[in-house]
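Okay, handing you the structure first.
A, B and C are the chain letters, set down in written order, and residue numbers restart from 1 in every chain.
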Amino acid sequence: MDIIAAQLVNGVSYGMLLFVITCGLSLVFGILGVLNLAHGSLYMIGAYVAYTLTTQRFENFWLALIIAPLIVAVLSLIIELILLRPTYHLGHLSQVLLTFGLAYVIHDVTSIIWGSDVLSIPLPPFLSETLHFFHQEFPAYRLFVIVAGVVLASCLWFVQEKTRWGAIIRAGLSDKEMISALGVNIKLVFTVVFLVGGYLAGLGGVIASPILGLYPSMEFQTLILALVVLVVGGLGSIAGTFVASLVVGIVETFGRFLVPELSLFLVFALMAVILISKPNGLLGKKVMKH
Amino acid sequence: MKRKFYCLVLAVLFTVLSACGNSAIQSTTKKEEGSSKKDGTIKIGALLPKSGVYASLGKNLERGMALYFESIGWKVAGKDIKLIVEDTEADPQVGLRKARKLIDQDQVDLLTGTVSTAVAYAIRDEVDKRKMPFLVSHAGGNDLTRSKRSDYIWRSSFSSWQIGYSLGQWAYDHIGKTVYIAAADYAFGREVSAAFKEAYTAAGGKVIGEVYPPLGTNDYSSYLTTIKNADADAVYAFFAGSDAVKFVQQYEQFGLKKEKKLIGSGWLVSEDVRKQQGNAGVGTIASIFWDYHLDTKENKAFIDAFERKYNARPTIEALEGYDAARIIAEALEAVGGDASNPDKVVEAISNVQFVSPRGPIQFDKETHHIIQNMYIIETNLVNGQAENKVIEVIEKVKDPGQ
Amino acid sequence: MNKQLFMGVVAIILLIAVPFFFSLFYLNLLAEILILAIFALSLNVLVGYTGLVSLGHAAFFGIGAYASALLAKEWSPQFLLTLLASILAAAAAAAIIGLFCVKANGFYFLMLTLAFSQMIYSFVHQSTTITGGSNGLSGLPSPMLGPVDLSNPVFLYYSILFMFVIVYIVLGLIVKSPFGHVLIGIRENEMRMKAMGYNTALYKYIAFMIAGAIGGISGALYSSLNGFVSPNDVYWTMSGSVLIMVLIGGAGTMIGPVLGAAFIVVLETIVSSYTTVWTMIIGIIFILFVVFMPQGLVGFARMFQKLAIHRLLVSQKGAKSLVNNEANQ
């Protein structure tokens, strides 16, 4: 019984990890309709910047947690202004391809700056403790991830439901032309959303990479993970992403525990099953084609 | 009028090109004569990953090679040495394409490298058919010197078998009678752990469970919880690179370190990952054919030279490159710098033996594989850093060849 | 029409002449290009003509390659036999996967095809005993065409060239046929096609199977050319690569994917010998194409043609007016 409870905790913590990584992608796709294939790259930049900050400049994890996502946000702003804003008229597919090309470019730029060695981010001692419950042991950092995920989800939900910006976003999801007709500067909304998406990607990078590690091609592995979660949860819904993260996290963890030979296979099988039975994902709303 | 002019131009062009002597029809129909490398340069082709997940291994192999060639002034038997490195991206298809480029376009005299066993297997037939001496300087797949053996393929690095087998008896004698195996699920991980299992059970030990997380698993928590609740004295693990960092870190985080000894292959605690693991790797026991902390004068000289040139510690791959370069140089010296006869070159390689930073090495003439010492190392805390120490030497380990 | 036929014949003659003038290295490179061109052409049926962007096409390539490799290793290396086995295996896989995928659209189709191809990848990567696992299957016996040993690279090249020409002609006929026109109609506006009474799901399914089967052919040729097969051939990067080839070459045309395959292979081979940042270079080129040349290389060629003709006309006009002026002096 203890083992099951322990695996449940593992699953939830892995699920929250997935949520932290994916929420930025979900937001951008839901609002802009652009699947940002450079999302993994932004995540990676956040992780590498945090690495530099924690090992070479400030030696302080918390400071890195604050600064790194901001740097990624600024980078996303530049990307949106230079690459995406002038090309909205080309259509969604073209912009997806643009982000794909961008991911390739960022891949080499980061390997020039940070090299190709395997790196890892040192944690503050308070988070490196080991906690005991269910007769098992857990690193404190895993619980920090759970807390971070829940806090993040709550903030996003609050903004979405209770603030004016959130209302605009919800409206924009349903009908872009309408809110534009109502006098909202749609271009500004897009830029802000992409910036926030970048910030979240960078934040994900700082929070997740102490567990997932930093190594070449990490951005593509992370992107695939995020895509799976995104698809399972459905588009245009933070709640969907949250639920999907938990589902994928728990299914993967128990899968590894019960049928370890099928580990790699399982997550994609899950994705296929969800797509076949519920094409819009678990909680997705049909996104209007523009 | 214009059309006639064009036809004439095309005809002249074709005639000129066909006279260029290197067409495919010509090279596949006439016999392979001695290569027309009249200029005094010996060209060595290196197939290494310069991009992708294995890029850092490729970089270190190249560094090791460059270090040695520099120490002999990039000259052997009066001729200049030229090293041409091509990026395989650890992709067998690209590897084959680049191998063909090196053999057909660059007309190299010798081939060396690869990091990935899949690439080595992919080019094996080409190398054998074209009689190109190939000194394997990393890829450890067992079959390369067993079922896929070739007259022209000689390996100076290691075999998965050597790595895994050497810890088996020692683990039974000094660690415990029961072991749980965890290895990354790819050919390398499977081969090494299978060899360990073979030796360990032959010594009398019992493997009470095995699990093979997919390569690149980021979260071992689930596997570790299962292992924790299993009744084993120790855990034998095979992981490398970022997997090794994550596994060893999580091994400690989930409380397994104080209950079950962690043992495995040297890549679990190698130079490129130990620092990233912090102190999580302390207490690990591993088997490997070279370690930074090997206390011999050859190793000290090598480390000295490497650190002075690159301002970084040499890794296992750096040593492999260094030795491979020396073997190539000594073999070329033995044939007087004349690389035109591949059979003579290969024979010269087979005769090479010297004391390398990893100890005395020589080739097994039957399997074409290296005979070397294996070391059991232990990771300890020294001045707040995790460092390895050699605690046992197993001499002259030969690969069985089948 | 006639001009196209003439160009086609000239191209074939040039390709046949290649082994007489170029070295083995270029010959093998060209053989690779032809195989990837077949692969790109098969994906083009889905992406260019039916409008279904798939990110899992490597599945059929890989299935064809592994089927051919396993048959050659375990039973008989007869070229035609292994080719047939791959077509059947790939078509069967396409039939099964297609059942699930054609119901999805757009983004979901993309992800579903990715999911299936990754499932096949993980199966291949982990089954070390059957498929050689991460080491792949190497040392395959060289293909035989009856009593003729195709290990001679020139003979192999001609076999591949022959298959390429056949696939090109067959696909060309398919897309020009009424069936092909329905596919184009589905790409333009599926609703309208449905309203006109076409069973679009069935058409999409058939297109999927054709694409899969031909993808399998290219996989079989690949394993025959190289003598090995590895899980890399089923990985999503392979699907991404061929998608880039189709898009850069020009989706929805016949010559486009061929040009795209040639362009990408040559670029990769040459650029990666000079620099380690070739990924970035490909990324930049890709971005430039998407923004400035969405019609791909084919569009670029057409634009160039138009420009050349325009210049010609202008210069003729200029010449005419000059002559008139002279005459009026």
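In this text, contacts are C-beta pairs under 8 Å (C-beta built on N, C-alpha and C of every residue); 3 or more make two chains touch, one makes a residue touch a chain.
It should be emphasised that the depicted structure is a prediction, and the values quoted were computed from it without experimental measurement.
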| item | value |
| --- | --- |
| Shortest chain-hopping distance from subunit A out to subunit B | 1 |
| Higher-contact pair (C-beta pairs counted), A-C versus B-C | B-C |
| Geometric centre distance via CA averages, subunit C-subunit B, whole Å | 35 |
| Distance between chain centroids, defined by C-alpha means - subunit A, subunit C (Å) | 34 |
| Where subunit C touches two or more other chains at once, by residue number | 122, 125-126, 276, 279 |
| Residue numbers of subunit A (touch at least two other chains) | 261, 264 |
| Per-residue overlap in subunit B, given as positions that touch at least 2 other chains | 51, 185, 212, 214 |
| In the complex, subunit A residues that touch subunit B | 3, 6-7, 10-11, 13-14, 17, 111, 115-120, 122, 128, 130, 132, 136-139, 141-142, 211-218, 221, 252-254, 256-257, 260-261, 263-264 |
| Residue ranges of subunit C touching subunit A (in the complex, touch as defined) | 53, 100, 103-104, 106-108, 111-112, 114-116, 118-119, 122-123, 125-126, 236, 240, 247, 276-277, 279-280, 282-287, 290-291, 294 |
| Contact footprint of subunit B on subunit C as seen in their complex | 17-29, 32, 122, 125-126, 128, 132-136, 138-139, 152-154, 157, 222, 226-228, 230, 232-233, 268-269, 272-273, 276, 278-279 |
| Subunit B residues touching subunit C - in the complex, by the definition given at the top | 14, 17-18, 20, 22-25, 27-28, 50-51, 86-87, 89, 91-94, 96-98, 100-101, 104-105, 117-118, 121-122, 124-126, 141, 148, 185-188, 190, 212, 214-215 |
| Residues of subunit A that touch subunit C when the two form their complex | 35, 83, 87, 90, 93-94, 97-98, 100-105, 107-109, 112, 224, 227-228, 231, 235, 261, 264-265, 268-269, 271-272, 275-276, 279-280, 289 |
